[in-house]
Amino acid sequence: MMITLENLRHDANGCIRCSNCKWVDHIYMKSARFARICPITQKHAFNLYSAPGLMYSALAIMDNGIRFTPALLDALYKCTSCGACDVRCKRNLDPEILSVIEALKAKAVEVGAGPMAEHRAVAKNIETTHNRYSAPHADRLNWLTEDIKPSVKADILYFVGCAASYADPSIARATARTLLSAGTDFMVSTDETCCGHLLYSTGQFDAFKRQAERNIKMLEQSGAKTVLLSCAEGYKTWKVDYPKILGKSTSDMNYNVVHITEHVDTLLKSGHVTFTKQVPLKVTYHDPCNLGRLSEPWYHWEGTYERYGVPNPVKHFRRDGHAGVYEPPRNILKSIPGIELVEMERMKENAWCCGGGSGAELAFPEFASWAASERIGEAKETGAEAIVTSCPVCKQLFQRTAKENQTNMKTYDMAEIIEKALP
Amino acid sequence: MSIPKEAYEALQSIVGPEWVSDDPAVRIADTKGGYATGVVDVNAVPPGISIQPETGEEIQQIIKIANRYRLPFIPTSTFFSAMCAPTIDDVIMIDLKRMTQLEINEKDLYAVVGPGISHSMLQAELFKRGLMTFVPTCGAQSSVLANLVHCGDAVIGWRFGLGYRRVLAVEWVLPNGDLLKLGSRSYLKDYFWGEGPGPDLRALMRGNEGHEGGLGTITKIGVKIFPFIPEKLEPKGVSPRTTLKLPENRMKWYNVTMPTREVAVDFMYELGRCEIGLLVSSIPPLFRYVARSRGKGAAGFWENWKKFGENADKNLMDIRVLCFGWTSEKQLAYEEKVLLDVVAEFGGTASAGPATDESNFQSADAVCSWFIGGRFLSEVYFESLDCGLHTEKGVRELARLRTPPLADTWDTPMLWAPYEFGHMGKQESLNYVDDKEIDALRAHEQACREMDLKIGGYAIMEDTRMFGKAWHNYDQWMKKLKATFDPNNLSNPPKPLERLLYEE
Amino acid sequence: MGMKEDLAAIVGVENVSADAEELKLYSKDYSVSMPSMPNYVARPKNVEEIQNIVKLANRTQIPLIPCSSSIHFNGAALPVQGGIMVDLRKMNRILNIDIRNRAIRIEPGVTWTQLQDELDRHDLMALNPLFAHPLKSALSGSLEREPMLIPKFEYGDPILNLEVVLPNGDLMRSGSSCTVGFPDNAADGVNPQGPGIDWVKLFQGAQGTMGIVTWMIVKAEVKPKVNKTFFMPFERIDQAIEPIYRIQKNMIGSECLLLNRVNLAAILAEKWPGDFSFLREILPPWTLILILAGGWRRPEERIEYEEEALNRITMELGIPEAHTSLKGAPGLEKKLPGMLRNAWPSEKVYWKFGYKGSCQDIYFHTVLSKAPDFTEIVTEPVAANGYPLDEIGIYIQPLERGRACHFECNFYYNPQDTKTANRIHNLYVEAAETLINNGAFFTRPYGPVANMVYDKAASYTAALKKTKHWLDPNNVMAPGRLCF
């Protein structure tokens, strides 16, 4: 079933305003200070700024009760589609809350109310230069250095993504060096274009679909069977959003998706990688939403709801956050000599979003900084010197915010930490 | 009619412009609450304004403005209860989420909370300090304050009594904007005591249920907290299968099965005399099946429920007992021995349950009542355990007459929650229908109330229109009370009089 | 017809009196309050008669003062503005014993003694206050929130439900006793909530201003068959506080109370004044009394684990183990549980009267940790009024797991000696003032204390007045009391 509001009416209607989605799993709640999980609720408090608020809005939009008002657009596009609400809701219930939010954003785009100007600009960049920054496409592989020589053909294609290709090449280099050091044969592609994450998460579905098709075609032409990513957004986009926009399940796709942390974790376990260098650092790990709770495979379902809302055909799946990529990054950090890993109160499926996802940082930089400050504060409580994450958006936002707030919390990408520990 | 511009601006000046909104989307999001949604809130309309005060003083000012412009207002905390859904135009929705005041007095076993503090927040802070509170079945997300002044039901009542009697001193903005301070707050800074001076005006705060915003806004309460053991409860698992691991040296669940409801009731009375256990309750097969199917979808539930029902022994009643070694490990051993003695004497069976908890200490999942689809209403009676036998039978017989369309409960026992070591007890029956058959549910509810009037079961969600005359004309007193404290009839009218939102 | 005749028509001529001698009995009590005469006394026998009296009072605007006991200590049953004493002592039936729900329904005239005797026959006991006077009504004692001796139950008062004649003569029944046909219906009258509001709480502490309670259902608890009494002596009160907190937080014990030597001596003295003087000399300055009560089943085993915990607490605190007997009171450990679970024996002179003939109490609520300060604070007005500091009786009753305590000072005096009596009056007023100013919470403000409290509690007073007006627009019920 395509991600449209009408198709998701049952789900929107399934919200009973219990408000559980505003809190971390109560069982894991450790303090009143870090009890909340939805950044927009924490910041704005009005029920509109929450999953139930967006559900009621979705229903009202469908039934012509309201239009996309300024407050609705504000809430909708500050919502980072972090998916915390979705996971929290599914602790008890079934509705696809996040899909409704995504469809509501798409509806906003469809009627011309959304996305925000900043998001349109990015769409235009992607259309014209195939990357979000409007940098020359030809520079996409400029991050490669002398020592990094990927294969021309390989089973694994490292899909670098816009951020690591242009804005933060240290991540790309660290990833490539890690792969080389582990003896992993991989290739990169000059035809790589933006994964389109921002397009999807701001509701620009048509443009996103074009990106999906373009990249999938690129992969097919490369001959690789596995897409490896160092970026959480790209990972989730390939694994979840491409099949989703194409009306398929993840398992229907002709490729595998693997994140660098998963790959390294496997190699660690099989003994193909060992960390030898000391990295004396007390760190905390920030689960990026897209690698954590949002990264479970997508299952396409089409059908109707019968008596008592029983789906026909029966849904044999449930994306509820239990199968996110939580352990691999932690295993890696724990295996690096010198690293002391301390956890924040909100972790794994209960992690607090950095605040920058889904274009929120572009359109609402102050809001994003506020959310990031909350997270930095939480990290500080652990006594960590640095936050480690696996998402360039999180990294960049934490760094910017730490600077703005004049706090000395450092942020590293996982790939950078791994690289430091390799022989 | 709409909200006058001057009123709007006045409200803005109280809380700051970012905390007031009349944006249609903000308003639509404040229209519906949880309980029996789709059944009782069909007349709900969006409020005229939503406002988010942070302090009691702001609330006083807001309510003064409301009185000046004759605008109705409704306080809401988590808004899980559908009872605060507006049903008239131009309501000012006073959303209390930002009122997250929290102080804990470890020594004297009370906390002071604003309406923005959830049960889980309080519990998380208490566990850190070797203390505890409890979570009502409706869930840990609900506001401690709103829950206790509105309902406050939880199986903790076995040992710790009625929920609302956990409320100590109170700060309360009356419908005219005056601040009323109760108990020790009446003239001291402390919140440790709720009564007096003289007559206890907490009396006006609620009856069987709260006044539902019909008599103003409670802005802060002292609330009892309880000592706990030194051991920690450890969270385990990944959502949705998360649980708290209980320390086995101090806490042990027993699942007891009794041959009939009557024996089960005798058994609970006897446990009460023995004064053992932290919790004693009978969770009906229906609830257990719902909880067990959590994460498996509605289809799985209905299939399993049917299979269960066809073979169920309708007489058996299961009771969960949590033995607790509060004082020491030896106390736990003592409680277990006594429990097993009583079980044997009453001809039941007992088996130890897993040392985990998802439903009482830091989380509770009545919310999953919805995932099996359809709509439901619960009939709640609060009287003696013996009386529960009558009400349960009555409700069961009435439900049978409407099954289908009501979903079959297979005549199995409903929920029993004895309070205060058996001095009293709650008995609750849940009935489901498909969305399209809500009328049958309402008709069932009506029939239950009529039965209740006849037999004297004491339904807790009573409505003055139906019960007022029969119950010593208390409706007339309530009317006068409302007029006394809310002369302009602005505080969630017509509450606390009529409660049901779906009638004319 | 005159008022007397009107009353006679309601209650029967033999149950009305305007005889000065008889009325005088109602005009004063054991408190420092000024005496005042009623105009009539009526002794109704049932609820209808009460309703009719109340209606009559509303028609004629004459005050009504309900009273249930034969003895009063607080001035709360004095007819400060005259009027009709509604003497409820004729209504002294135990209406029902509900063994399963451990509840008992009593009329106003039922005394603590009567109540305990009845419950005793069913292995139950009432939750009584400390050595109530044998003539004291259990119903009015509970209404007045006299503190129970057992802090282990979270419920701090034993009332389940009540029937009340409201100030306009209407009948109201609280909680589930309001149901149609009660008590001959399915309900047992054990849910105190509702209907609409929490009526029970409204009548508690009302000193008769809100209506006339005609029966009440109170909780009873299982009477422990095995008990073990412990005494913990302390030189100073502050040393007793932490042990009480610990005992309560560890959930051990049944009755638990702290007495200073004056009060304990007054309680234990068999022969006056010899015993009293002797005991006052030899008793420790403070004694914490703790009864470990065996459960309904396996009683010894419960006592055993509780005793272990008690020893653990004393060890942790580095204080001597609790004693199982009290020096100077041989055999007390055996008798005490039974004594505490009863009113004061009628054959003995009341413990508050033995020393000087009368006693003025002053009590309030505070948190335990502040109790030592209050023992200091109170000395100033006491000394200022020439009352010997070493004759102050002090009783501290932990409430609800030690969340708070009832703090009581007892001033023993000779009521015949007018000068002393006047001094005690001054002392009472000044002590109350000092205590209030230092954070004492008077939940039950009697006589002159009411004004002091209500002056400070402006918002409460205003709301209370509104509430009173809602129920009693003609102010017929006990006018002149509280803030009405």
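Brief remarks follow.
We call the chains A, B and C, going by the order they appear; numbering starts again at 1 in every chain.
Note that a contact is a pair of C-beta atoms (placed from the backbone, for glycine too) under 8 Å apart; a residue touches a chain by one contact, two chains touch by 3 or more.
Since the structure is predicted, the reported quantities are computational estimates derived from the model, not experimental observations.
As a matter of contact connectivity, taking chain B out of the picture divides the rest into A | C.
Closest to the protein's overall CA centre, chain by chain, comes B. With centres defined by CA atoms alone, the chain at the far end from chain C is A.
Note: centroid distance chain B to chain C, computed from Cα atoms, is 33 Å. Computed centre separation for the pair chain A/chain B is 37 angstrom, with centres defined by C-alpha atoms.
For the pair chain A and chain C, the distance between mean C-alpha positions equals 66 Å.
Counting partners per residue, chain C has no residue that reaches two or more other chains. Residue ranges of chain B in contact with chain C, taken from their complex: 107-110, 159-162, 164-165, 174, 178-184, 186-188, 190, 192-193, 195-209, 224, 226-227, 269, 272-276, 326-328, 330-331, 334, 337-338, 341-342, 382-387, 390-391, 420, 422-424, 453-458, 460, 462, 464, 467, 470-475, 477-478, 480-481, 484-485, 496. By the touch rule above, chain C contacts chain B in their complex via residues 100-103, 145, 153-155, 160, 166, 170-173, 175-176, 178-182, 185-188, 190-207, 209-210, 219, 222, 245, 248-252, 295-298, 301-302, 304-306, 308-309, 312, 365, 367-369, 400-404, 436, 439, 441-445, 450, 453-454, 456-457, 459-460, 462-464, 466-467, 469-470, 482-483. Listed in rising order, the residues of chain B touching chain A in the complex are 18-19, 21, 23-26, 28-34, 37, 50, 52, 78-80, 95, 97-98, 100, 102, 117-125, 128, 135, 139-142, 235, 238-244, 294-300, 302, 358, 362-363, 365, 367-368, 370-374, 407, 432, 434-435. On chain A, the positions that touch chain B within their shared complex are 14, 16-20, 22-23, 25-32, 35, 44-48, 50, 52-54, 56-57, 60, 65-72, 75, 87-88, 90-94, 307-311, 314-315, 318, 320-322, 326, 348-350.
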